[in-house]
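The same chain A turns up in both complexes below, where it pairs with chain B and then with chain C.
Right after this comes the complex of A and B.
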């Protein structure tokens, strides 16, 4: 009887998987495949998309230095955003796990505010702050730091500031979850064994919170690589992100194949950087393990016979 | 010789007093156990000694030196945590070596001392494993090795057996005792389990509501509890409510309603006649029989009762006997030669020297 129900439940699990699988196929795999296929078709102003197979879009992009400049800026600023989010997010997360009650609640509300507010509204908020007649300029002129208002908007720095503002919450939540799962007795054990608070943090808490830092970095990086509204509003007409170029091709110029090819390259670049990062992480972990193994094998050479 | 001297520790979380004048000493090589229910302040006391909690008042001296302002990392106190707190991202070797690395010892010396420590806990080949590859008992032994490898001035054990299953617990109790004896370190253990406390400790301090109720050797605590709380918390007790009628030099006498007069072992305390008192008798000290074992002159108290229940548990038989308004437990270890059925009249006898009076519990 029991064996029967077990075989039946074993047969049942693919059916359970079917629904989510279908969901992913229809809503994710199909559009991406469609995007890839469009990127290989040609385009003319009169006829629009011409079905077929050609690598023309990619070939033209390879010679487009402007496109690569924007791609490189997107990657560079996304990495910088990720770094800043880690730098600012980690201490916030650390504080968050060590506080409770209303302080924690207020922290969370402040952190989540940017997510609840529309990105466009928020970006215009930056405009009010940093514009030529904005609060910061007025203040700096009055205090005598600037002789006259300067352009603080429409540069790379302000894009990173804006992105960090929105995305830091993902880092904070990921790191806080990871910190919360660390047994507080571990840091105390390290202290009792002679580690200063800083050493205990560096050798125990930090390495154990790495998974959270990795998850947070992944989220922030992916989200900022594909960010559209924030870099568009804060970067203005001169400093563009790749998502804006894709939008321009697909919507303004109606050149879907070229836009698709740009999007595919963005997808590949993002995936490649993530793969590189994870490979490096695994390489480090392996080297650490082999290092500790040699340490113990020199200690107990008879271990092999055990 | 006093080695650890804890004096008048006071601590409160908000309006909740967790430590109320905690004072005790530990001699060199002595094992003291703080025993009490959860929330009695024993863990806070441990945290104060470790340096993780700064008390509101009081002082701690170790080997003649005040350590109140010494941070945890400079106290040289080994701690075995309740959860063991082994570093999960380090191998067993690195775990045990951690304290030595912090002391900037030479690599060879570290290797030698770690393998010595692993040898001591009988896990010489575990160095390359990670903590998650070890069983609960093995993890505990590594935690012990890590705490003693630094040659601590004081060893703190926080509920050392609470994470082990019942069978392993008995095994590890003996093993830990053997290790502690061989190392001869001043040790403070914290537990809520009286059997563990009696097994490991030389002396026990029974704590309740932030105070030490009684501190003494294991036999003193068991045989001469000074309060109802101690008598109840350490082992099982029959408690009879009565009041004093007389006391002369060697013995005292109390009247218990529905039972009659009972003789009480002499104690330093001299209660007023007619003062309310509680009389305590351990269930394993009572004998069941058809007739009284001896008279008061021969050193015996006898009480008549009606047998209510018999439970045979293998290693002992538990009898429940009703005497007046009281219900008494009687435990007999050997298979009893005396047999009786439910509802039979029986005589309970116990020595006057096993009859302890404790004052009426203060209103809290």
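Right after this comes the complex of A and C.
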């Protein structure tokens, strides 16, 4: 009977799966592969995309110092955004696990609101807050901190603020999930054995919440590397992100192959940094393990973190 | 003391999260002809002014229809994928599942440019179908992951009981499983709706001059008259619509389930 039903469902599923599978392959996978292949074509103003294979776009980008400056800024500010999300989001994650009922629900809604509300509307909100006639400037002038309104927009700090605002929810939820799975008796035991609250946190809670921090960091980093609207609106014309250059090449300058090559490099850079981070994490974990194995056969404090 | 400090920090952080939203809402009620702080007077006239702007209302209509349509399509496509993945974690199923999840992680401009080029080559670039297809691709991961949450919260013995009592697999699914995961379908739809309704980048690539979504319209308006109170009025309209969908979705999902999964 069981075998019978299994063969039946095996025959039924491929038919139901066919439609979504076709959709994904034709309308998503094919365009992505096509973009990669177009990045290897040449472009001329007259004919547009010239079919063929050349690495010209990539070679030219390698010699473009402006492009590298923007790529470096994108990476640097994305790392900074990730750090800020971890630092400022951690206490919120802690709060989320210590609260329940309507307070928790409202906290979730408030955290999700910046993410799900249109990113243009959010950037616009920052523009109103931080513009020359904005809330912050008006307030600071009235309180006497500034003599006259100052330019608070169009710099790197404001981009990080805008990105943290939208993306911190990923970090909070990931960290809260791992905090929730920690047995609270562990930290209590450390405290009763004489550890200060800070030591108990550093030696027990923080290492055990590492998986959550890692997941959160991955999501925040990937999403801020690919951010478009926030850096474009808040950074203005001077402080650009790589996504903006892709848009400019492909739409304003109509050079699809070059825009495609830029987009591919953005993707490769993101993946490469994630791979490096994960390799470094594994290396540290291994070293830590071998260190704690050789150090002592009794309970080493590092053990708690493994 | 520590509890007080944490409460204080949480309050500050909530204020930070809400600040841009509050600024937009406050700005839309001003009596002056540009956004100013503190707002002067209190009036709804900018909401009426926004409603009278035909381009804005057309963009709003398009965005609402697009979000509803692509959320529905994404949910319909995600359901069999989620069931297949839940039913058997075979390599093929896992590959398909991960593939369907990747649009959420891909740089938005990468996705936008890829879709623009291919859809033009396929012959439907610049039509509303290209927008629909693009938004479904984008919304699919969100519908899929929420339906997967619903299925993983499911007690499989009920479906097996129905089967042992003589129901066909299809009947058992329709009468037992589907009602029990209906909440996750609705929540997946809600998330897909919000993602599509707020999307900028992909729409920016796929829009034409006659077919503009609301986020694209607001984005281009930001360049030339950012202090127009009508713009704050329509923006706070976007906030209100999103908040309504989010609150309903939140009630359906019981958001603390996210804590068990560790991601949105």
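Going forward, the second predicted complex is superposed on the first by the 263 of 306 C-alpha atoms of A that agree within 3 Å, B and C clash if a C-alpha of one lies under 4 Å from a C-alpha of the other, contacts with A are read in each partner's own complex, and residues count from 1 in each chain.
Quick note on the criterion: a contact is a pair of C-beta atoms (placed from the backbone, for glycine too) under 8 Å apart; a residue touches a chain by one contact, two chains touch by 3 or more.
Worth saying up front: this structure is predicted, and the values here are computed from it rather than measured.
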| item | value |
| --- | --- |
| Partner chain in contact with A:127 - chain B first, chain C second, else both or neither | second |
| Partner chain in contact with A:72 - chain B first, chain C second, else both or neither | neither |
| Partner chain in contact with A:183 - chain B first, chain C second, else both or neither | first |
| Partner chain(s) touched by A:219 [first = chain B, second = chain C, both, neither] | second |
| First, second, both or neither for A:283, with chain B first and chain C second | neither |
| Which superposed partner A:145 touches (first chain B, second chain C, both, neither) | neither |
| Between chain B and chain C, more extensive residue contact with chain A | C |
| First (chain B), second (chain C), both or neither touched by A:27 | second |
| Footprint of chain C on chain A - complex, ascending | 5, 8-9, 12-13, 16-17, 19-21, 23-24, 27-32, 34-35, 38, 88, 91-92, 94-97, 100, 104-105, 107-129, 131, 133-135, 138-139, 165, 168-170, 173-174, 176-178, 180, 197, 212, 215, 219, 222-223, 225-226, 228-229, 233, 243, 246-247, 250-251, 256, 259-260, 263-264, 266-267, 270 |
| Contact footprint of chain A on chain B as seen in their complex | 50-52, 71-79, 81-83, 85, 87-91, 93-94, 98-99, 102-103, 111, 114-115, 124-125, 127-128, 146-147, 150 |
| For the chain A and chain B complex, residues of the former touching the latter | 183, 185-186, 188-196, 199, 203-204, 207-208, 292-293, 295-300, 303, 306 |
| Chain C - residues contacting chain A, complex | 2, 6, 9-10, 13-14, 16-21, 23-24, 27, 35-38, 77-78, 80-81, 83-84, 87, 96, 99-100, 103, 105-119, 121, 133, 136-137, 140, 163, 169-170, 191, 194-195, 197-201, 204-205, 214-216, 218-219, 222, 226-227, 231-232, 235, 238-239, 242-243, 246-247, 250, 255-256, 258-264 |
